[in-house]
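Pasting the structures in now, so scroll down.
The two complexes that follow have chain A in common; it is paired with chain B in the first and with chain C in the second.
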Partner chain A sequence: MVEVLQQIINGIAIGGVYVLIALGLTTVFGILGIAHFAHGSVSMFGGYLTFFFVTSWGFPLLLAILIALLVGLMLGVLIELLAYRPVRDANHINAFIVALGLTMMVEGINLELFGHEQVVIPTDFSRVFNFGGVTIPELRLYVILAAALLIAAMTVFVERTKTGQAIRAVAENRDAAILMGVNVKTIPLVVFAISTALGVCAGVMVGSLFAIAPGIGEGLVVKGFAVLILGGLGSIPGAVVGGLVLGITEALAAGFISSAYKDVIAFVVMISVLLFRPQGLMGKA
Partner chain B sequence: MARNRTYILYGLALVGFVLLPQLISVKYYIHLSVLALIWVIAAQGQNLIQGYTGYVSIVQAGFMGIGAYSTALMGMHFDLPVWLSIIIAPFVTAFFALLTGYPSLRVKGHYFAIVTLAFNMVIFIVLMNFHQLTHGEAGITGIPKPGGKDALFNWRDRETYYYFVLIIAALMTGLAALIVRSRIGQILVAIRQNEDLVGAVGIAAWKYKLFAFVTSAMFAGLAGAIYAHYQSFINPEIFGIAQSLDAILAVIIGGSGTIAGPIIGAFFVVFLPEYLRFADSFRLILYGLVLVLATIFMPRGIAGIARDLMEKRRGRT
Partner chain C sequence: MKLTAMTAALALMAGAAWAEEKTLDIGVSDALTGGGAVYGLPQTNAVKLAAKEINASGGIKVGDDVYMLNVIAYDDKANPTEASNAVRKLIDRDGVKYILGFCCSGATGAVASFIEFEDAVMLVGNAAERSITTREIPNLTRTRPPADYTGAAAGTFVAEKGHKRVAVLGALDVGFYASYVDAFEKELEKAGGEIVSREAFGLKDRDMSPQLTKIRGQEPDAILVVGYVEPAAFIYRQAVELGIDVPRYGFTSGSEEQFTRVATSEQMEGVWDLRPTELTLLSASENGKAYHANYTEEFGIAPSPSSPYSYDQTYALKDAIEAAGTVEDTEAVAAALRDIAVPDEVVMQYLPVDEKMFDQNGQAYTSNGAFQWQSGNWVFVQDLPSDAAAYSAFLSTLDD
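Now for the complex of A and B:
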C-alpha cells in the first residue's frame, strides 16, 4: 500500500510537468488550431538555457529560470510571427508540417548549442521528507507545488482577466471576436508567449528532476498531446485530469510492471479512452 | 490530350530510371537510388492517406519496421523462402494497421496525427526492448538476399537489386494510380474536402478511411521488407519517428495528392541529407528550414509547381 502511494506521489510530480506542457498546447490549439509540435523542443531549450546560466555563469537558480523564461517568451513570439502566421489561412496540414520542421530546427539548435550529452540542472534541494513511510524528496515536492501554483495562475488568468476573456472569445468564435473589437493579431502573440513560458517551466522541472537530452522534448510533446486526448480538448480541468491520469499510470506501470514499457502502457490507456470516450474524459459529447 | 501527355511523361521517366544505373559511375549513388526507390513505395502509401484522404499519419516508418522485422523473422524461424516472406510481410503489417487504425480514425485532424505518432513510439519501444524476438538495439543481421546460390541473377550486385526495386516501385505506383482513379479514390478525395458531406450522402466514410490507412501501411510494409533484404541488416534506429517525418516530407515536397509527387519527394528526402552532409550538425536545422520554407512558399510541392508551369505554357500557345 505504501509502495502504491509512493508511486502515486511520483506520478503526480511527472503528471504536473505533463499538465504544464498540455496547458500550453491546448491554449495554442484553441486559438490557432495549430498542433504546436515544436513546443516540447522549445521547452527543452528553456531547460538547457537554465542549465547553462547556472553552471557556466554561476547565476542563482531563480535568476537563471527568470532569464530563460524571458528568452523563451521571445522565442515563442518569434515562432508565431515567422513560422505560423504565414500559414494561418492555408490548409491545417500545412501548419502541422511547419510545426514538424520547426521541431527539427529547434532540436538542431539545441544540439548545436548544448551538445548531445544529457544534462541535469543542479539544485541544492537534497532533503527528503518522510510521511508515514512515503518518502518525498524536497525537489519533487517543490515541483508539485510550483506546478499547482502555475496551473492555478493560468486558470485565473484565462477565467478572470480581460486578456483571458479575449483569448476565450477568439477560441470560441474568431469572427465574432473581431466584431467585438478584440485584436486578433496580438492575441496569438500573447498566447504563444504564455504557453512558451509554461513550457520553459516544465523544461526546468524535467531538467532538475530527471535530465535533458536530445529527443526528450519530442517525447514530452507527444505526452502533452496524449494528455489533451485523454482529458478532452480545450478544457483546463481536462488537461489537469488527463495529465495526472497519465503521470500516475506511468509511475504505477514503471513501478509494478516494467519501466521499459511504461510509455507503451500509457499510450494503451490513451487508446482505450479514445475507444470508449472519443471526446476525452472531461470533454463534452 | 492532356492525359496522353502525362502518359508520355511517365514513359520517359521510366526509360530514364531504366537507364540510370548505366549513367551513374559512382556505386554509392546506385545504393542511394535503391534506397530512394524503396522510399517511393513507402511515400506512395503515405500519399494515399495524407495526400488524398487528408489524414496525416506519422507511423509510416513504424509500419516499414513491422514489414522489415516480419520478413526477417519469418525467414529465420519458419525457413520461408525470401520471395514468400516479402509477400507475406505487407499482410502482417496490414493486420497491425487494422488494429491501430480502428481506434485512431475516431479522431480527426491533428489528433489523428498524434495518435499515429504514439503508435510509432510504441512500435519503436517494442522493437528496442523485446530482445528475445528483435535483439533490441543490436538488430538482426544476416538477412538473406532474394534468390539462392544458383539463382538466375546475381542478387549481391547492386544493379540487379536496383532493377528489382524499380519494377516493384513502378508496379506499386501503378496500383496507387489505379486506386486513386477508382470510385474509392474519388471518395477518399471527397473525405479530404468535406467529410461531413460524404457522411450525409450515405457513404460510410470510416470504411474508406480505414481502407486508405491499411493500404498505406501495406505499401510501407512492403518497402520495409524489401529494405531488410537489401541491407541484410535492420535495427530499430531507422524505423523511428524521424523517418516517418521523412515520409511526410517526401509527400509534401513532391506534391501531395499527385502520383508523381511521392516519386520526386522520395528521391529528394534520400539525396538532400547527403548533399547537406557538408553542413554536419547544422544539417538538422537546414532540413527543418527547408521543410518550413517549402510548406510556406510552395505548399503544392514540386509536382504542383510543374503542373502550373505546364498549364501556363499551354494556355499561352
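Now for the complex of A and C:
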C-alpha cells in the first residue's frame, strides 16, 4: 500500500508539470485553434532565464521567477503579434508552419543564449518529509502546491473575471462575441500572455525538479498534446484531469509493470480511454 | 663569383623550403551537443590540447619533414547517421586520413561498419561497446576497454563486499551498459549473489523515482546504476530523497563538477564508481596532474575523467606515424599502431599486452578501479581485478 501511495505521489508531481503545459496549450488551441508547438521550447526559455538570473546575477529564486514570468507575459504578446496574427485569417496550414518554424527558432535561441549543457535551477529545498513510509521531498511538495495554486488561479480568472468571460465567449462563438462588444483583437494577446506565463512556470518546475536541456521542451510538448487530447480539446478541467492521469499512469506503469515501457503503457491507456470517450475525459460530445 | 653566389642563394632557399612546416589535418567526430556531449566535448578538447602540445614540442617528425597538427572537429551528436555523415565529410571533402574522438557506441559502431574500406585510420575513444573491436578491423584501434571487461571486475568487487541482493537501474537499452550488467551478474552469481531487479530508464529521463520506489520495496542489499552521468546523478539524488540507504554502486565516469550540477555533495557521499582507472585528480599520475592543469587552463573547466582516452589517442597516432615514417600510407600507420609501446605522454594507466599498447584486435586495456565519493571528490580506493591478457585472448575468440 505504501508503494502504491508513493507511486501516486511521484505521479502527481510530474502530472502537475504536465497540467501546466497542457493548460497553456489548451487555452491557445481551444480559443484560437492554433497547435502551438513552440510552447515547450518557450517553457524551457523561461526555465533557462530563471537559472540565469539565479546563477549569474545572484537573484533570489522567487524574484528570478517573477521576472521570468513578466518576460514570459511579454514574450507571449510578441509571439501573437509577430508570428500568429499575420496568418490569423489565412489557411490553417499557415499557422501550422509558423508554429513549427517558431519551435526551431526558439530552440535555436535557447541553444545560442544558454548553450547545450543541461542546467538545474538551484534551490535550497533539500528536506524530505516522511508520512508513514511515504516520502515527499520538499521541492516536490512545493511543485505540487504551486501547480495547484496556478490551476485554481487560472480557473478563477476564466470563470470569475470579465476578461475570462470574454475569453470563453470568443472560444464559444467568435461572431457572437463581436456582436456582444468583446474586443477580439485583444483576447489573443491575453491568451498568449497567460499561456506563455504558465509555460514559464512549468519550465521553472522542470528546471528545479529535473533539468533543462536542448530537446526537453519537445518531449514536454508531446506530453502536453497527449494530455490535451486525453482531457478533451479546449477543456481546462480536462487538462487538469488528463495531466494527473498521465503522470500517475506513468509512475504506476514504471513501478508495477515495466520501467522500459512506461511511456508506451501510458499511451496505451490514453488510447483505450479515447476508444470509449473519443471527445476525451472532460470534452463535450 | 656570381655563379657561386647564386648557387649559395639557391641552396639557402632550398634549405628554407625543407625547413618549412607541413600541416597534417586530423579529424574528430564526436558528440559536441546533445546527451553524449558530456563525453564528446571533453574528448574533442583533449585532442585539441594534445595537438597543441605536439605542435609546441616540434610537431610530428617523418623523415626530413615536420608536420604540425590541425584539428577539424564535427558534431556527430552521438547519432549513427550524423557520425557517418561527419566521417564522410572528413574523408571526402577535407581529405583527412586520421579520425579520432568517438565517445558513444551507437555512432561509433556505424562508422566502424564501413571504415575498413576507406583510406583512413579510426581511433576510438570512450565508446565501450564490445563489438567495436571484435572484428579485428585493421585500421581501427580503441583506447577504452570494453564494458564487460570492467563489469566482471565490478561484479567481483561487489560480491566481495558481501552483497547478495543487488538491484540494477540502468540505460539497459544501450548495448554496452547491458553487457556491463551481464558480466557483473555472472561474477556476482559465482559468489552466490543475485540481481533482484533490472529497471531501465531512457537517456533523456530525469525522473527515476518510480523505478527507485519499486527497488525500495524489494529491499536490496545494494543498487547498481549504469548510465550517462546526468541521469545517474538524478538517480543518486532521488535515491536519497526516497530514503534508500543501501550502498550505491555505479558505472558512469562523471566528474565531480558534472555530478554536483544535479546532486549535492551530501547526496553523493559514499557512492562508488566502478570503472576503468580514469582520471581523478587525487589519484592521477604526474602526466594526469599536468593534463588536468593544462586542460583547465586552456578551456576554463576541469576535464571529465574519460576525456584522456582521446588525448592518449593523439599521442599514440604521433608515435605510430613516426614509427611508420609516413603520413600518406594509412595501412602502414594502422599496422604501426598495433606495434607501438604505450607512449610516455599518456594519462590513462594502460596494461600492455605483449608489451604493446594495442592487442591484435586493436584494443587497449586500462586497469579498473573502485572510486568512492568522499567529501566532494572521487577518491581512488583500490584496483579491481583486471587480467588484460586473458580478456584479450577471449576477445580474439569473438567475431561478431
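Quick notes on this one:
Convention: the second predicted complex is superposed on the first by the 281 of 285 C-alpha atoms of A that agree within 3 Å, B and C clash if a C-alpha of one lies under 4 Å from a C-alpha of the other, contacts with A are read in each partner's own complex, and residues count from 1 in each chain.
Just so it is clear, a residue touches a chain if its C-beta (ideal position, glycine included) is under 8 Å from a C-beta of that chain, and two chains touch if they have at least 3 such contacts.
Bear in mind the structure is a predicted one, so any value in this text is a computation, not a measurement.
Contact with chain C, but none with chain B, is seen for A:Phe210 once the two complexes are overlaid on the shared chain. When both complexes are overlaid on chain A, the residue A:Pro137 reaches chain C alone and has no touch with chain B.
Look at A:Val120: by the touch rule set out above, it reaches chain C but stays clear of chain B. Once the two complexes are laid over each other on the shared chain, residue contacts for A:Ala260 go to chain B and to chain C alike.
In the superposition on chain A, contact is made by A:Ala90 with chain B only, not with chain C. In the superposition on chain A, the residues of chain A touched by chain B in one structure and by chain C in the other are 111, 219, 260. Interface of chain A with chain C (complex): residues 2-3, 6-7, 10-11, 14, 111, 116-120, 126, 128, 130, 135, 137, 140, 209-211, 213-216, 219, 250-256, 258-260, 262. Every residue of chain C that touches chain A in the complex is listed here, in rising order: 32-34, 37, 172-173, 199-201, 204, 206-207, 209-211, 213-214, 216-217, 230, 234, 240-243, 261-262, 264. Within the complex formed with chain A, the residues of chain B that make contact are 50, 54, 56, 103-104, 106-107, 109-111, 113-115, 117-119, 121-122, 125-126, 128-129, 241, 245, 248-249, 252, 256, 281-292, 295-296, 299. If you check the complex, the residues on chain A that touch chain B are 29, 34-35, 83, 86-87, 90-94, 96-98, 100-109, 111-112, 218-219, 222, 225-226, 228-229, 260-261, 263-264, 267, 270-271, 274-275, 278.
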